[in-house]
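Scrolling down, you'll hit the structures one after another.
Both of the next two complexes hold subunit A, though its partner changes from subunit B to subunit C.
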Partner chain A sequence: MDLTVEPNLHSLINSTTHKWIFVGGKGGVGKTTSSCSIAIQMALSQPNKQFLLISTDPAHNLSDAFGEKFGKDARKVSGMDNLSCMEIDPSAALKDMNDMAVSRANSSGGEGQGDDLGSLLQGGALADLTGSIPGIDEALSFMEVMKHIKRQEQGEGETFDTVIFDTAPTGHTLRFLQLPNTLSKLLEKFGEITNKLGPMLNSFMGAGNVDISGKLNELKANVETIRQQFTDPDLTTFVCVCISEFLSLYETERLIQELISYDMDVNSIIVNQLLFAENDQEHNCKRCQARWKMQKKYLDQIDELYEDFHIIKMPLCAGEIRGLNNLTKFSQFLKKEYDPAANGKVIYELEDKE
Partner chain B sequence: MSELTDAEKRRLLRERRQKKFSNGGASSRLNKITGQVSSHLNTESPLDSPSVEKTTPVESVRSATPISGEDSNTAPQLDLLKQLAAMQGQGTDGSSSQEPSTPDLLSLLNSMNAGVPSAEGVPSLGQASPMASINQAALDYHDYLLNRLKAWTILVKWIFFLLPYLFLITRPNGTVWPSYAFTQSSWFAPLRNPSNFTRVFATFEFLSISIYYQLLKNVEHKSKIKNLQDTNKLVKLISLVPEGMIPISNLRGKLVTVLQYWDLLSMLITDISFVLIVLGFLMYF
Partner chain C sequence: MHWAAAVAVFFVVITKFLQYTAKYHDKWIANLAPANELSKKYFNKMKERHELKELNNTISAQDNYAKWTKNNRKLDSLDKEINDLKNEIKSQNKAFQGNLQKLRLLALTVPFFVFKIVYGKTPIYKLSSSTSTLFPTFVTGVWSQGWFYVVLHPLRTISQRWHIMEGKFGTAKFDAVTLQSVSLGIWVWALMNVINGIEFIVNQLFLTPKMGPPAVAETQEEKKLDVSDNAFILD
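The block that comes next holds the complex of A and B.
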């Protein structure tokens, strides 16, 4: 064995240790296609394990990618026994929270106070209020992770061996990944305050029997568990997706630097939409040749900058990569690198999903 | 050091990746990307801000690398220095804080040890040394690959060529050789002529050394460490001498060239010694 890095995701696809795999990058570079491809290949390579693909992008694409509707609860992909998908829907989750708050307010007694609160929340005031908070999507995704960890610890419901995140464009994702650190610091500060004011706060909240410091400690422990897992390279990794263009390369580099500053492991970059036009003499097109020349210039820079990374070069296909069959065909090049001479036909073989 | 396991390889690559982003490398990478298209995008890296530098990535890398023997040796010394620095602070005004503009001894030593510029902007000596950026485990792995290559080269050269050749020129009429080897038209004939020894030996050395250097390139590619440039102690020492102090430009490069020629010469001398010893034995028996 040597220190050269394979230009494919073979090791990740066959990895038995990874619990969290994030797939992210600039908007429009093919994050959803890449995350679906990774999930499919992992599910195919490890049939005895269960995989979950979660979209944390507020503008969900998973349903469109697979051509079937997914919701806020995990649902198996048709045709695959060990791959489930879910789309975290902030508005639906907030509506649930609102309804819970309404029922709690109504059941808290027949006093006038409870009725007033119930009627206030009846129109979805809580959902409207919290829905406008910046970063609520990331917070809800984070809650989903916490729920998942809890379920696994308690052995409740359906558990998954690996969760793959189809993330939102870079900014959202970085906020999401920052949450464990931010929350950890926030809870620490809050803990200091509650330690000082604890008895007073507990006496205020005494009527509802809420143990604030107990709840805080529990939350802090959960957040710390997530923080530790996210920074463990055997458990968590981030796969960057980009296209061979200046802005995408620049944003990828910034993303990688941010991830390293969070102590997160990042070792793979998928470069999508490559033309490989020099092997495409039969469809010789001036524009393709010129664009391929431009792509090659950035590819050379990518190869030089990321020599210790897995660089996976994926072709631009003739059709849309939608539906399980097309995704499976396309995803094979994550496991074994695309060879334009040998695999050139595949890019014209995608089924039309019209 | 032996062959790397999957986990070791992943760890080494991770450390190598992290190191490329340290020592101000993160900003220079962004500069490189934006410079190519004359972009005005921000090239300030989150990794180069002092608050981040303290926690990542060099310190985390170093803590994850207990292989290096120097770490365990220097740790008690650093602890001692830390205590001394604390005592020094208490002795002056009762507090351990110092003026932000004055780099303290401990931070300077720490930055030298880690190979990063100190937070106060004082260039660290560690930066001058290319060795600082190369992990000890990777060096060990390189040494292992290099030694294995040398061993195989000697084995193949000596056992499969030099020994049979010397046997051929000293025992030209032996029964072990195929009969066609002794016909005048055979391509084998000039080989067994002792007067051609120098020509044959020189050709063989030229070919074997060329192949050796080609394989050495493969080893360098595998371990991603340049032999001599990154491994030799003398080169490491010379690279600490600031440019301009000695009136020879690119002293390090010249030294590497000299060492490469010495390496080549030593291989030739080893082979000649082997030939002389074997010839002595063959002539005696």
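The block that comes next holds the complex of A and C.
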């Protein structure tokens, strides 16, 4: 029995079970390109399913990658029926929350309390106050995930079979992935407090008649669902993206160890920006040769270190990989590994995107 | 010396000895506690970690990235094992110290306490009649009967005067012989106070480091303007 692992993402692209796919790594290694490529290939391979690509990076790039504007609401990619994109905008989301809080305060008040709260929040004060809190982007992305799960369970609105996350550079993503655990512990503590203080807390909320205990229990159940889904290897996986250089590999190693400690499945590594200089006799230079030699050295080490991982080796293209056509051409190498001899010309055939 | 006083002195000496040597207790416990399996395992792991760390420092991370990373993984795993062992040893030590505390309680504190309760009124020595008459009955009563006399004396007095619950609080009047003695309880209390007083004096005089003089803020001397000449020079 051949136990070698395929150097492609064929099994993931054709997977019918995965609901959450995270694509992450160090800054500048090609996370956005890789996440877009994975999303496109999955959408092309499974045309009957709906896919959503969410960017959780505060410095969004999805719009730039596809060459069209995406916002906080999911919008279909032009030219594809089953792939939508979303860029979570913390300030807009917070402004929505602010407006909701204002309207709720104004409708329930009218006698001093409500007016005071309403006037306090008018003008987006809540958004201003909370918008710059560190970690707010991760919290809002997490809220989006919870909203999505709730919608799926209730069968409301537009549902997606698989969500692909274009994540922020490593540190932010790890913080995002820690949220279910952190929230779980926090909610447990809150639960103990509300059980002890009970109705007294509700009376503090005034005329709002908000059942704090009920809300907390609902939130706790949602967070627990997400935690279970994120640790189920059939439902969730993390695809690491790196380049063949020491710093990137070291960070990838730390990322993988951290993900393993969270019980998250990680079995694929995309190594980007490879030169394959020895196969390119026509366009070659001393610098490329030297650089390729260095990359090869690390590639051999990667093969030895991650023998049970899918190691996908992607070429450095001659042009920018922007627009649906270029992304589709580039993404084919995720499904069937890049062969420098046979596919060498493709990297020079990317269209110029203005 | 009265045998009760000797026993009390024995307890006081042991208690003070333990108090003065408190900072050495951890070391003594560590020496006393037998080298067990956990400690051996801990030292072996530390040694292994040290050797692996030294080996990894000789490997070039860039030229042998895979080997270097595998060593780092082993180091991380060893760190975790060492930490777990450390916590286990700590909790074992804590349990051992807890047992020692219980032993101290059962062998020293409780017996001394019970001894003071049972033999607290034992007269240790007698005062001369001239000395005992110098002080009010209330004071000599406390000396001979202990601090509980303070609580019971008013109740006895009221009970005797108004014939309420007579005899319930003991006799109000003690004979002269009883009032001329000093009980064990009061004697031990006095002894502890004297020892604490001496401790305080020795601490303050010899063991407390000397304080330096207070810092004085440097003040700039004001320049004295001495105008001696009316002439001024134009540019």
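Quick notes on this structure:
Methods note: the second predicted complex is superposed on the first by the 351 of 354 C-alpha atoms of A that agree within 3 Å, B and C clash if a C-alpha of one lies under 4 Å from a C-alpha of the other, contacts with A are read in each partner's own complex, and residues count from 1 in each chain.
The definition used in the following text is that contacts are C-beta pairs under 8 Å (C-beta built on N, C-alpha and C of every residue); 3 or more make two chains touch, one makes a residue touch a chain.
From a predicted model like this one, the values you see are computed outputs, not experimental measurements.
Once the two complexes are overlaid through subunit A, subunit B and subunit C clash, as defined at the top of the document.
Contacts of A:L249 after superposition on the shared chain: both subunit B and subunit C are touched. By the touch criterion stated above, A:N14 is placed in contact with neither subunit B nor subunit C. In the superposed model, A:Q301 lies in contact with both subunit B and subunit C. Of the two partner chains placed by the overlay, only subunit B lies in contact with A:F309; subunit C stays clear of it. Of the two partner chains, subunit B is the only one touched by A:D263; subunit C is not. Look at A:T182: by the touch rule set out above, it reaches neither subunit B nor subunit C. When the two complexes are overlaid, the chain among subunit B and subunit C that reaches more residues of subunit A is B.
Between subunit B and subunit C, the overlap after aligning on chain A sits in one stretch of 3-11, 75-83, 93-101 or 147-155, namely 93-101.
Shared interface residues of subunit A (contacting subunit B in one complex, subunit C in the other): 246, 249-250, 253, 257, 301, 305.
Put simply, subunit C touches subunit A in their complex at residues 61-66, 69-70, 72-73, 76. Looking at the complex, you find that subunit A touches subunit C at residues 246, 249-250, 253, 257, 297-298, 300-302, 304-305.
Those residues of subunit A lying in contact with subunit B across their complex are 1-5, 11, 233, 246, 249-250, 253-254, 256-258, 260-261, 263, 265, 267, 301, 305, 307-309.
Those residues of subunit B that touch subunit A in the complex are listed here as 3-6, 9-10, 12-14, 16-18, 20-21, 26, 29-30, 32-34, 36-37, 39, 41, 45-47, 52, 55-57, 60, 138, 141, 145, 221-224.
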